[in-house]
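In order of appearance the chains are A, B, C, D, E and F, and numbering begins at 1 in each one.
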Amino acid sequence: MTLGHVDVIRRSAALFDEVIVAVLGNPSKSGTFSVPERVQMLQESLQNVPRVEVVGVSRGLLVEFCREVGAPAVVKGLRSGTDFAYELPMALMNRHLTGLETVFLPGEPRLEHISSSLVKEVARHGGPIEGLVPQAVVPRLRERIGRPS
Amino acid sequence: MTLGHVDVIRRSAALFDEVIVAVLGNPSKSGTFSVPERVQMLQESLQNVPRVEVVGVSRGLLVEFCREVGAPAVVKGLRSGTDFAYELPMALMNRHLTGLETVFLPGEPRLEHISSSLVKEVARHGGPIEGLVPQAVVPRLRERIGRPS
Amino acid sequence: MTLGHVDVIRRSAALFDEVIVAVLGNPSKSGTFSVPERVQMLQESLQNVPRVEVVGVSRGLLVEFCREVGAPAVVKGLRSGTDFAYELPMALMNRHLTGLETVFLPGEPRLEHISSSLVKEVARHGGPIEGLVPQAVVPRLRERIGRPS
Amino acid sequence: MTLGHVDVIRRSAALFDEVIVAVLGNPSKSGTFSVPERVQMLQESLQNVPRVEVVGVSRGLLVEFCREVGAPAVVKGLRSGTDFAYELPMALMNRHLTGLETVFLPGEPRLEHISSSLVKEVARHGGPIEGLVPQAVVPRLRERIGRPS
Amino acid sequence: MTLGHVDVIRRSAALFDEVIVAVLGNPSKSGTFSVPERVQMLQESLQNVPRVEVVGVSRGLLVEFCREVGAPAVVKGLRSGTDFAYELPMALMNRHLTGLETVFLPGEPRLEHISSSLVKEVARHGGPIEGLVPQAVVPRLRERIGRPS
Amino acid sequence: MTLGHVDVIRRSAALFDEVIVAVLGNPSKSGTFSVPERVQMLQESLQNVPRVEVVGVSRGLLVEFCREVGAPAVVKGLRSGTDFAYELPMALMNRHLTGLETVFLPGEPRLEHISSSLVKEVARHGGPIEGLVPQAVVPRLRERIGRPS
């Protein structure tokens, strides 16, 4: 979870009546943090943002979750045309399966350099991750994968 | 105005509380139809779509209009990554000027071949434009620029 | 194998004298189905398409296979500009090695949401895969990787 | 007409039974050369390429011409993903109108710098256009738009 | 001339021994400002940047100018992959003609919304152009094309 | 290491005062050759190119290495707009971390088909790799991963 994600959530919350942040577990790979850990960090980072709820989703397709909670659309941040080409088949598949729409918000340029994989690489080498991830994530990410800086 | 535009408006109306379709006049080039003509055709094409209002805007920046009517975001259809690269600076400029957001909806693939300029070219050669533009536009476009088919 | 592949094969068969569908085994990763299984399913799915032959190729470069069977060109479906950027070096490498050409057919937009990986993900969660893969593939894919739906 | 066009035509002629080069007049803008002049130059440049015919088409849609001559597909050269994004709606529109297919051949990288507009700009400033356009075009283009070099 | 141009020039000056800013006149269209006016504004905006010289070039190809002044490379800012696809043929043509190289600097994301055409549109409607163009340009652009704000 | 890399290094050496080729070890995956092997092969391939030094870097971020050796910028080859979209976040991250700039050189089109992964695939099947990698690499790559041809 990076400041880029937080920015997209924050801006979504200003546009929509209710925003549910779905933290999806991926059974086929073990991420840096577990689903409950990620839910916890997101809740801390978003605690002053109204109309946002963070929910962990351990299994199932995104479309199923959205149907259960009554969400008519998914919001995604978009950084480049290549991003869009990657996201488009997923958006169309979701629409095909249940009619779920996807709306894209252009990413904040000031945060364009922040991708999860680059942040992890910086952390792994003990580089400065302040200004890349929310304050609540900094010490945990450093403890989990970083060298002492 | 094509079926692609109508599709994006229709899907926006299902997601948002209120959709205002702004028909912008471009003083530096004379389009095929005037602003009032375009407003009229859009109203006919959208008359069974709830929560949509069509408004002609003869002058001024889009951000000014949105501020006047209290719109927090613009909705745009997106067909390809190249589209996004073209739209991005405009979206960021609008955010810079007044904080106006832009949300992108992926275009409906079944309508991907329908661009305004291609439709006009088909009409100009008397080709079949049914299935490309709304029914309300077919006879007027044919009368305005098409050869008798 | 998805309906997208079948569509490109079908349209190729309408344009070219003879179409050979090469099912390439990848020794470095074990796919969902073996080469003979994929050949079998393709043959069932394409049995009413004239001028098409399905062949399993267990080893070697694609250019070698094409030289053996006398194919002057490979046909690939293309969904986006990003697809093209990915395919281009391969196409140029094949031309460099043996003069083998690559011709690209734009994918059918109605099938744009269908990628192999997304179909597998839908199947893995027991979602509906009818309308995504040929009828001959549905039960086998569901049996192989899907939960009971 | 550049060496890039000639290369795509030449390679098409090696793949297809018959290639018809359609020189389309554009009534809304006057090009550097008239349709008959362009037909003449193409014929000279392609005289040793078998199975190629050059035809001037003064009016009508490309799909109509293809239906008249019985062409099932159009061949286009493709230089980049952005090219593809530009060509795709046209290809899909042609398929929508009459079922006409479009097949794309990747451009020859050695000729990637050669676009019609850049060649004209070089000619306009009296730069060397040998190696950019066919030999038959060099003196005529220089006479038409170039300064004496 | 925008703050984006100034940023690329400034960063180039930190990397290269000498930077010559070539202001090219375009005989086929009359810009908002003449070549001498643009040279004057650039000089004012860059007066505290060392190793930069501003030169007006009224005629000829860019490659000729670079050969005359002994410049081995051109520097261009790059905002997106679509930008690159547009710039690439020019870069390759210049290399073909005289061996002139082109090096690309990624644009500053904070300035990504600033394109010349958008700035002019903002100015035309009397919008705020401070923060988009250098201070030396603000009053002149407003006088030339803007409404009183 | 391919002829594409050598080309970019060679052209960089013609533009910049000093070029340091950093061979980065990747601890999380074992490449085809070790860092010392790659340094050795690069030195052999570049021995007649002035102003170029090859250095193995076994650990740490690229920005740290550049700060240690005083390099103000990284040079990268760029083949397509998709390449740029991939490289851009890394370039911006490096600028964020230490101010390190990235300059992009467009790849040589004649070498556009040469990517490391394609070369390895050709070698794995015993195909001809002369003309794809430097002469110093041919026998070693064939010995390491190729079948006898």
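What we mean here is this: a residue touches a chain if its C-beta (ideal position, glycine included) is under 8 Å from a C-beta of that chain, and two chains touch if they have at least 3 such contacts.
Every value quoted in this text rests on a predicted model; they were computed, and no experiment measured them.
> What's the fewest number of moves from subunit A to subunit D, given that each move must go to a chain touching the current one?
Steps on the shortest route: 2.
> Which is the least count of steps on a path of touching chains running from subunit B to subunit C?
1
> Which chain has its C-alpha centroid at the greatest distance from the C-alpha centroid of subunit F?
Between subunit F and the rest, the longest centre separation is with B.
> Looking at C-D and B-D, which one has the bigger number of contacting C-beta pairs?
When the contacts at C-D and B-D are counted, C-D has more.
> Compare the two sides of the subunit A and subunit F interface and say whether they are made mostly of the same residue numbers, over half shared, or of different ones.
Because under half of the interface numbers appear in both copies, subunit F and subunit A meet with different residues.
> Which chain is most remote from subunit C in terms of Cα centres?
E
> Approximately how many whole Å separate the CA-defined centres of subunit A and subunit B?
Each chain reduced to its C-alpha mean, subunit A and subunit B end up 31 Å apart.
> Return the distance between the CA-based centres of subunit B and subunit F, expressed in whole Å.
Spacing between the chain centres: roughly 47 Å.
> For subunit A, give me the residues that contact two or more of the other chains.
80-83, 85, 88, 91-92, 109, 112-113
> Tell me, which pairs of chains are in touch?
Per the contact definition above, the touching pairs are A-B, A-C, A-E, A-F, B-C, B-D, B-E, C-D, C-F, D-E, D-F, E-F.
> Inside the complex, what are the residues of subunit B that reach subunit C?
Those residues of subunit B that touch subunit C are 80-82, 109-110, 112-113.
> Where on subunit E does subunit B make contact in their complex?
Against subunit B, the touching part of subunit E is residues 79-83, 112-115, 118, 121-122, 125, 127-128, 131.
> Could you list, by residue number, the parts of subunit D that touch subunit B in their complex?
59-61, 63-64, 81-82, 85-86, 88-93, 95-97
> Quick check on the complex: what are the subunit D residues that touch subunit C?
By the definition above, subunit D touches subunit C via 11, 14-15, 72-73, 78, 80-85, 88, 91-92, 101-106, 109.
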